[in-house]
Amino acid sequence: MGYQFDWSLVLTGEYRDWLLDGFYLTLKISAVAGGCAMALGTLVAVLRLSRVKPLMWLSLAFTEFFRNTPLLVQIFFWYFGSEVLLPKSVNEWLYSMDFEFAAGTLALTVYSSAFIAEELRSGVFSIPKNQLEASRATGLSFLQAYRFVILPQAFRIVIPPLISQLLNLLKNSSLVMTIGVMELTYQARQVESFTFHGFESFTVATLMYLAVSLLVSFAITMYNKHFLHHLRY
Amino acid sequence: MAFIEINGLHKWFGSFHVLRGITEQVERGEVLVICGPSGSGKSTLIRCLNRLEEYQKGTVHFDGQDIHARGLDVNSLRAEIGIVFQQFNLYPHLTVLKNITLAPIKVRGTVRAEAEETALALLERVGIHDQAHKYPAELSGGQQQRVAIARALAMKPKALLFDEPTSALDPEMINEVLNVMKDLARDGMTMLCVTHEMGFAREVADRVIFMDAGEVVEQGPPSEFFTNPKHERTRMFLKEIL
Amino acid sequence: MRWDIVYNNLDYLLWGSYPNGPLGGICASIMLAVLGIFGAFWLGLVFGLMRLSKSRILRGLAMVYVEVIRGTPLLMLIFWFYFLGPVIFDYNLPEFQSALLAFVVFTGAYVAEIVRAGVNALPGGQMEAARGAGLTRFQAMRYVILPQALRNMIPSFVNQFVSLTKDTSLAYIIGVNELTKAATQINNREVVAPAEIFMAIAVLYFIICWALTAFSRRMERHVARYQARGR
C-alpha cells in the first residue's frame, strides 16, 4: 500500500475550512428544504384527507410521481428545465441570486415533501376509527375530534418517521453537488482532487454526516422509549 | 309521546337489510335490555339513536325532538345521549381525568376546575378515584370500562346507551362494571343496554327485548320474558345462553 | 416543446448503443438494480441474522455495519469505493462494478434491518414451539422462522428494490453508462430540450418503480392472510 496518510492536511488550514464551509452549507440547505418540505408535505397530506375527489387525486398523483422517480433526475429537471419552464423575469431574478442553491432546495423540497405527506397520512390513518367515533359520540364536532383526539395521537406516532425523513433529506442533499452547490460532499471531492488525499477528506466528511445521523437516531430511540409507551389501544 | 320513540325504523348496509321496521317506546327512567344473536341488528339499533349510524326509513324522537330534524345540531344531540362501547375507546394519549373532562370543557364550555371536580366525583362513584392521573393503558379492562362510563356521565346525559359493555372483559371484571350499571339504574337513569348478561337483566331491567334478523321478536318484563317466552326463536336463544 | 428530440433518441435511452456498443440506458439501470438487490439480499441476510445472534461480538459488528451505512449518504459510499478502494487496496475496478459494489454494501444494511424486523415481528410462540419440538436454534431459524419471516418480508424487499432502482441514477456521477448518463449526454448534445429529456426519463423510472410499488402493495394484502399472529 503506497498511500501516505496526512491528517493534518484536512484538520488544519484552508482545506479544513473548505470542509467546514461544506458542512455548514449542507446543514443550511437541509434546514431550508426541510422546513419547506414540512409545509408542502402537510398541505399535500391535508388535500389527501380532504375527501374532495379532485384534490385527493391531485395529492395522490403528486406523492406517487415524486416518490417513484430518482431525486437526481428531479434535480436535473429543475436545474436545466427551469430556463424553459419559468418566465424570463423569474429566471433572471433567480440567476441574480444563488441559482444552484435555489434549484437544489426546490428539488429537495418537492422530493421530501412527497415522503413527508405519506408519513402524515399513514399516521392519521393508523389511529383506530373508533377513536373518532368515541369522540363524536360525546358531542365533539368533526374538527374538535381531529383537533383534540386524532391529531395529538397521530402527531406523537408520526414524529419518529418524520425525523428520519429529515435525516434522509440531509443525506440526499449530497446530490446537489452535481449542479455545483458547494456542500459537504462537493467540498470533500474538491479537497480530494486538489491534494490527492481523498481518504482523509472523505473520512472527515463521512464522520460529519454520521455524527448528525447517529445523534438524531439516538434521540428518536429515546423518544420512542419514553413517549410512545402508553399509546396502546 | 314517550321519552324515546322509535317508529318504523329501517336500515340497510348496502343491500343488507339490518333493521326491518323497529317500533319501540322507552319511558323516562326505564331500563331496557336488548338481547339477541350476533348480527340481529341490536348494536345497530342503539347506534342509530345518537346517529352514529344513519337510517334510511322511519323516525326517532328523543325527548320530543326528531333527531333527524332539519337544522338539528347532531353534536348537541349526542351530548344528551351518552354511549359506552364494547372496546372502551378511551383516548390513549390523555390521562383518565382528561379523558373525562375533554367533552364537558370543549362541548359544554364548562370551566376546567368545575369539570375536574365533577370528574373526580364520578370516578369516586365508579370506584376508581385513585386512578385519575394514570393513562388508560395502565388500567385493567374493568377499570377502563368504568372510566368510559364516567366519561359518558360527565356530559350529564338524559339517557345512556350501552353497546355490549362487558363482552370484551375478563370474567372476574364483569361484575365491577355491572355493579356500576346497576347503581345507575337504581338512580333512575334511562338506559338502553345491549348485553347478554341475563342476571343483570333479571335484576334491574324493566323490560327485555329479543331481536333476531333485524326485527323485534318478543318483549316483556323480565319475569315473563325468562320464565315464559312465547316464541320458538326466543326459547332457542335463551336455551343457548343460559 | 421538442418531444421529437426525445423520440429520436429513444433507443439510446432504452438500451444505449447496444448491439453495436455497450448496453446502456434503462436496461443498464435495471441490470444494476437486479444484480445489486441480489447481492444485497445475501449480505443483508447474513448481517440481519448476526444482529439476532446470541454472540455479543457478532451483534456488535452487525450493528456497527448497519448504523454506519445508514448514516452515510450513498453518494459518499460510491466515492469511497470508486476513488479510495483502488488507492488503498490497489485494485482496479471498472465504474460499473465499483458502483455495483457500493449498491450492494449500501442496500445490504437496509435489508439487514428488514430481516431483523421481520424475524422479530413473528410471535414468540413460533420459536418456542419449534424449540419445544426438539429443533436446535439454528434448525428452528432455518425451517420455521425464516420461511415465514422471509415471505412476510417480500413487500419490504420490493420497496427496497424500488429505492435501489432510483438510486442507480447516482452511478452516473462516476460515469457509468445508464439511463441518467444517457439523458445528460443527449442534453449536452441537443441543448434545447432539457425539460423534455429529463421529464421523459423521469417517466421511464416512474413506470418501473410505480409498477413495482403497486405489486408490493398487492403482495402486502396477500401476505397478511398467511401471517401467524400473536394471540
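Letters A, B and C mark the chains in the order given here, with residues in each chain numbered from 1 onward.
We adopt the following convention: a contact is a pair of C-beta atoms (placed from the backbone, for glycine too) under 8 Å apart; a residue touches a chain by one contact, two chains touch by 3 or more.
Given the structure is predicted, the values throughout are model-derived calculations rather than measurements.
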When each step joins two chains that touch, the fewest steps from chain B to chain C total 2
Note: of the two pairs A-B and A-C, more contacts are counted for A-C
By Cα centroid distance, the chain farthest from chain C is B
Judged by C-alpha centres, the chain sitting nearest the middle of the protein is A
Note: chain C sits from chain B at a C-alpha centroid distance in Å of 54
Taking each chain's centre as the mean of its CA atoms, chain A sits from chain B at a distance in Å of 48
Per the C-alpha centroid definition, the whole-Å distance linking chain A and chain C comes out as 21
Multi-chain touching residues of chain C, meaning two or more other chains, are none
Residue set of chain B touching chain A in the complex reads 50, 52, 75-79, 82-83, 85, 87, 89-93, 102-103, 106-107, 135-138, 151-152, 155
Contacts from chain C onto chain A in the complex sit at residues 67-68, 70-76, 79-80, 83-84, 87-90, 162, 166-170, 172-173, 180, 183-184, 187, 193-195, 198-199, 201-203, 205-206, 209-210, 213
Per the touch rule, the chain A residues reaching chain C in their complex are 1-3, 64-65, 68-74, 76-77, 80-81, 83-85, 171-172, 174-175, 177-178, 185, 188-189, 192, 198-199, 202, 205-206, 209-210, 212-214, 217
Chain A residues touching chain B in their complex are 130-131, 133-141, 144, 148-149, 152-153, 156, 229-233
